[in-house]
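We call the chains A, B, C and D, going by the order they appear; numbering starts again at 1 in every chain.
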Amino acid sequence: MSGPVLYGLLGAALVALGLFGLVVQAAVLRKILAFNLLGGGVFLLFGVVARRTAPAGLAADPVPQAMVITGIVVAFAATALAVAMALRMYQITAAVTVSPPPDAQAGDA
Amino acid sequence: MTATTPAGWLLVVALVLPVAGMLLAFVLGGRAAERLALLLLGLGVGVGVAVSAAVLRMGAPIVYLPGGWAPPLGLALVADGVAAAMLLTTALVLFAVALFGRAAHATPPDQAETRAALAYWCFLLALAGSLAAAFLGGDLFNLFVALEMLTFAALSLACLEGKPSQFRSELRYLLFALIGSVLYLLGTALLYGGYGTLDFRLLAGRTRADLPTLLAAALMTAGLAAKMALFPLHLWLPPAHAGAPPAASALLSGLVVKAAFVLLLRVWIWVLPPLPAMAAAPLLAALGAAAILVGSLVALRQARLKLLVAYSTVAQIGYLFLMLPLVLSGAAETASHAWLGGLLQAGSHAFAKAAMFLAAGLIATALGHDRVTALGGAGQAVPRAVFAFGLAGLSLMGIPPSGGFTAKWLLLTSALGDGQWWWAAVILGGGLLTGGYVYRVLAGTIAAPPGDAPRPRPLPHGPQNVALGLALISVALGLLPLASFGLVQIGRPGALGALP
Amino acid sequence: MILDWLLDGMVALLILAAALWTLAAPTPFAAVIGFVGFGLLASLAWVRLAAVDVALTEAAVGAGATGVILLQSAVRLRRGAAEVAAATPGRATTLLAGLLAGGLGLGLALAVLALPATVPGPAAEAAARSAEVGLGNLVAAVLMAYRGLDTLLESIVLVFAVLAVWAMGPDRHWGGIPGPRFARQRDGPLALLARWLPPVGIVIGIHIAWVGADAPGGKFQGGTVLAAMWVLAWGAGLVRPPSVADRRVRLVLVAGPLGFLLAGLLGAVLDGSFLAWPAALGKPLLLLVEAAMTLSVAAALALLVVGPPERRA
Amino acid sequence: MSAALQFLGLLLAAAGAFFFVAGSAGLIRFPDQLSRLHALTKADNLGLGLVALGLLPFAAGVFAALKLLVIWALVLLSGASAAQMVAERVRAAEPPA
């Protein structure tokens, strides 16, 4: 019974770290990295849950595990799109953050 | 409860048609993509009507179990009244927007495929499929996948023009959407850990008010609120929606936020146990009220027409949250009226806001700019677009007869009837402020053009008629007798099929 | 027992350290390296959680494919230190974010501890009925049968993503070749690796996809290995990505999801239910769809790594 | 299989683990990038090779044993290539004084 609880706490810590990074870090690439850490934490919690919903005779419940596989692939696709957009934005405007320029808060969009 | 019902196959059709169409359109490309999209989006209206008719006829949700696997092992597709009504709304708006974009994204027979045209037609179909998945999904994890599909489709449409100025705001939109999804997913992990299923109809009535469940609901609510741009998480929406091309703005504001809204209802009305939901609902409604007031006030002060319309979206989304404390309050009649009012607000706002964004786009094209202070001459150049803007404005303000009026009136009366008069005050105040910004635009467009300005360019009637048609639907919703909306009550917990 | 605790504790600590490094690393490049390490360590955690299928996916897609994309962008996004410094929130916001994130972490930790120790889930039924599907690997049975709709939609998400990424390119390059161009390596270690590894890697990728029916593995993991082999050859300048206008590439991209859909419709006709595997056609149809999915996943992953069109065909 | 063979396997795996520890220590302690690289590749090639050899007596069948050897060969190939490429970049960045 040791593993799941420990990894559950780790998942919680990763979610907190990822969320903190998403808010505090300015560069888009760092935000994307933080998003992936946050996602990793969420997936780990699914893994922990899979150990608890397993019936006698099975090491783990395959349903949440399949969900994590789906989730990892979707997160990869999202990362690829975010990176493509970030690179394009950098190419056109040389910007590496998404914070609005201070003078254009409500201006041209 | 967990078996495929008669007419359940319609749900498969609703999902498979647009999705398979997108895959084929992507392979065939060019002109074929355009034709396929127009054909399938047209058929989609028929499917939407058929699903609604089937739900009405049965008087109960229709269900389909893919592969025949019943939840909790498998997952279900479910069309209750909400899903059917939203599916039909979606189909109508999508088809209208497809017609609107026909001229701009046509591929003539002798020309090569272009980036924008292929992306436009493919992602219209993708959006139709994603929204169908989001409305019909009966499993909270399946709904997560639908939300992600929706993000991809919506974002690609928003970036269609490839303008340098828009990447920053659209990328911020993407980040908010992704954070929203991942918080939602976190909630589903906790729910699965608590109950061993994510089917919202199986969860209904089974959930306990313990820490994992309440935290899950809070996380899912926060994630969905970020996707819906609920105050104070609204700052990403105006630049993202205003920076997109008009057709995309219409879909983002009109439809995409509504998918998150339906999921929010699934969580609050089906999954959350009633007591904590009742206790927490006023908090969400207070944020909604703040959104109405702040969004309307900021819209009033906007210098650019599209940003004005986008801030109006922030405000109008606020109304959707007002329904929660009223629906959960307990009194049967209040709940049923507020439920109808909220859903009618979602539907009529979809038509009205789509019309408004399309009209604003046409006005901007005719004038060559979209500064609110220099709209003179638009009335002569694109009269139908201006008329559409005005009609849609009536619905947003809540002036009778319009869908928006009926929606706000229902919310108002149920608030007063339940003694929660403060929400009524917000509704009235929001209506006044909305009147202010709509009047500001209309007065400007009717004025004569300034002497030194270039002459506005008259535009063809076709796209203007589309905007007008959508605006007329949003008005016509207010002409129907209340009993004709019995559809949306079907399948609501506690409704027992009672008509209002 | 003690040994288990020790091992799990060490893995958890290392993961936490890698995550902290990813957040705090001095350069974006170093941060991405930290993230790849995080992914590899996370797959160890997945093995410890009795989820070998997930471990393979995490290593292949989470650490590998995501890592390659992020590394590329770290190399390309080099400037902008001043902009980042200007946009970095002040101490008050940081403190607030810390409190918010810390509070959420604490709440989550308490919620995890408060979860019921055993919950009756669908797992028993999943195991009991796996013979009906003919898949010995339960995770594969969930992915292909019980929750086939998730997998269908997920494979469609990959097609959305490829078109979305392509559509990020400029108008003038539509119909052109995606991604940066790499000089052809005539000799040196990269040329050697790009010639020697792919033949072996392709066999391994197909093997991983093939055994997925009854053992850990499957189309996403195997497809990633196939994609990696192509990306390696691309990086060494040995192969050129196809034009985005090439209909054959688009066909490969949609073959998996479209095949899955068609098989599902066939199930509706033959077995009365969409996404039911027709008993009459049985295993061969399943294998055909799995093969098409592996191919499509490989193509989608490779093209997502390559990015939008950047030059004329 | 005989206990002696299994004992030998454990011994080899332990020796492999020692190389990993030594390699990691080198990675942290060595002063310049080239010698750190040297420490790392030693751990990869030798350490993993010894561990793979040590696991052979425990492998379930010839096919599993073959897989272990293939893993080692693949790590050898990729590790050596990667190390070469890193070394080239190091030399290009800072030519020897």
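Simple rule for what comes next: a contact is a pair of C-beta atoms (placed from the backbone, for glycine too) under 8 Å apart; a residue touches a chain by one contact, two chains touch by 3 or more.
Labels paired with UniProt names: A = Na+/H+ antiporter subunit C; B = NADH-quinone oxidoreductase subunit J; C = Sodium:proton antiporter; D = Na+/H+ antiporter subunit G.
Bear in mind the structure is a predicted one, so any value in this text is a computation, not a measurement.
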item	value
Distance-maximising chain from subunit C - centres being C-alpha averages	B
Pair of chains joined by more contacts [C-beta pairs], A-B or A-C	A-C
Centroid distance [mean C-alpha coordinates] between subunit D and subunit B, Å	57
Approximate Å spacing (C-alpha centroids) for the pair subunit A, subunit C	13
Length of the line joining the C-alpha centres of subunit C and subunit D, rounded to whole Å	27
Per-residue multi-chain contacts in subunit A, two or more chains	15, 28, 45, 48-49, 52-53, 61, 63, 67, 70, 74, 77-78, 81, 85-86, 88, 95
Set of subunit C residues in contact with two or more other chains	108, 112, 115-116, 119-122, 126, 146-147, 150, 154, 157, 160-161, 164, 168-169
Subunit B residues counted as touching two or more neighbouring chains	73, 141, 145, 148, 152, 155, 159, 186, 190, 192-193, 196
Category of the chain touch graph - line, ring, star, complete, other	other
Chain-to-chain touches, reported pairwise for every pair that qualifies	A-B, A-C, B-C, C-D
Residues of subunit B defined as touching subunit C within the complex	4, 9, 12, 16, 19-20, 22-24, 26-29, 64-69, 72-75, 77, 112-116, 118-119, 122-123, 126, 129, 133, 139, 141-142, 145-146, 148-149, 152-153, 155-156, 159-160, 162, 186, 190, 192-197, 210-212, 215-216
Interface residues, subunit C side, partner subunit A - complex	1, 4-5, 8-9, 12, 15-16, 19-20, 22-23, 28, 31-32, 35, 38-39, 42, 45-46, 48-51, 53-54, 57-58, 61-62, 65-66, 69-70, 72-74, 76-77, 79-80, 83-85, 87-89, 93-94, 97-98, 100-102, 104-106, 108-109, 112-113, 115-124, 126-127, 138-139, 141-143, 146-147, 150-151, 154, 157-158, 160-161, 164-165, 168-169, 218, 220, 297, 301, 304-305, 307-308
Of all residues in subunit D, those that touch subunit C in their complex	70, 74, 77-78, 80-82, 84-85, 88
Contact footprint of subunit B on subunit A as seen in their complex	15, 22, 28, 31, 35, 38-39, 42, 45-46, 48-49, 52-53, 61, 63-64, 67, 70-71, 74, 77-78, 81-82, 85-86, 88-89, 92-93, 95, 98, 100, 106-109
Of all residues in subunit A, those that touch subunit C in their complex	2-21, 23-30, 32-34, 36-37, 40, 43-45, 47-55, 57-63, 65-70, 72-81, 83-88, 90, 94-97, 99
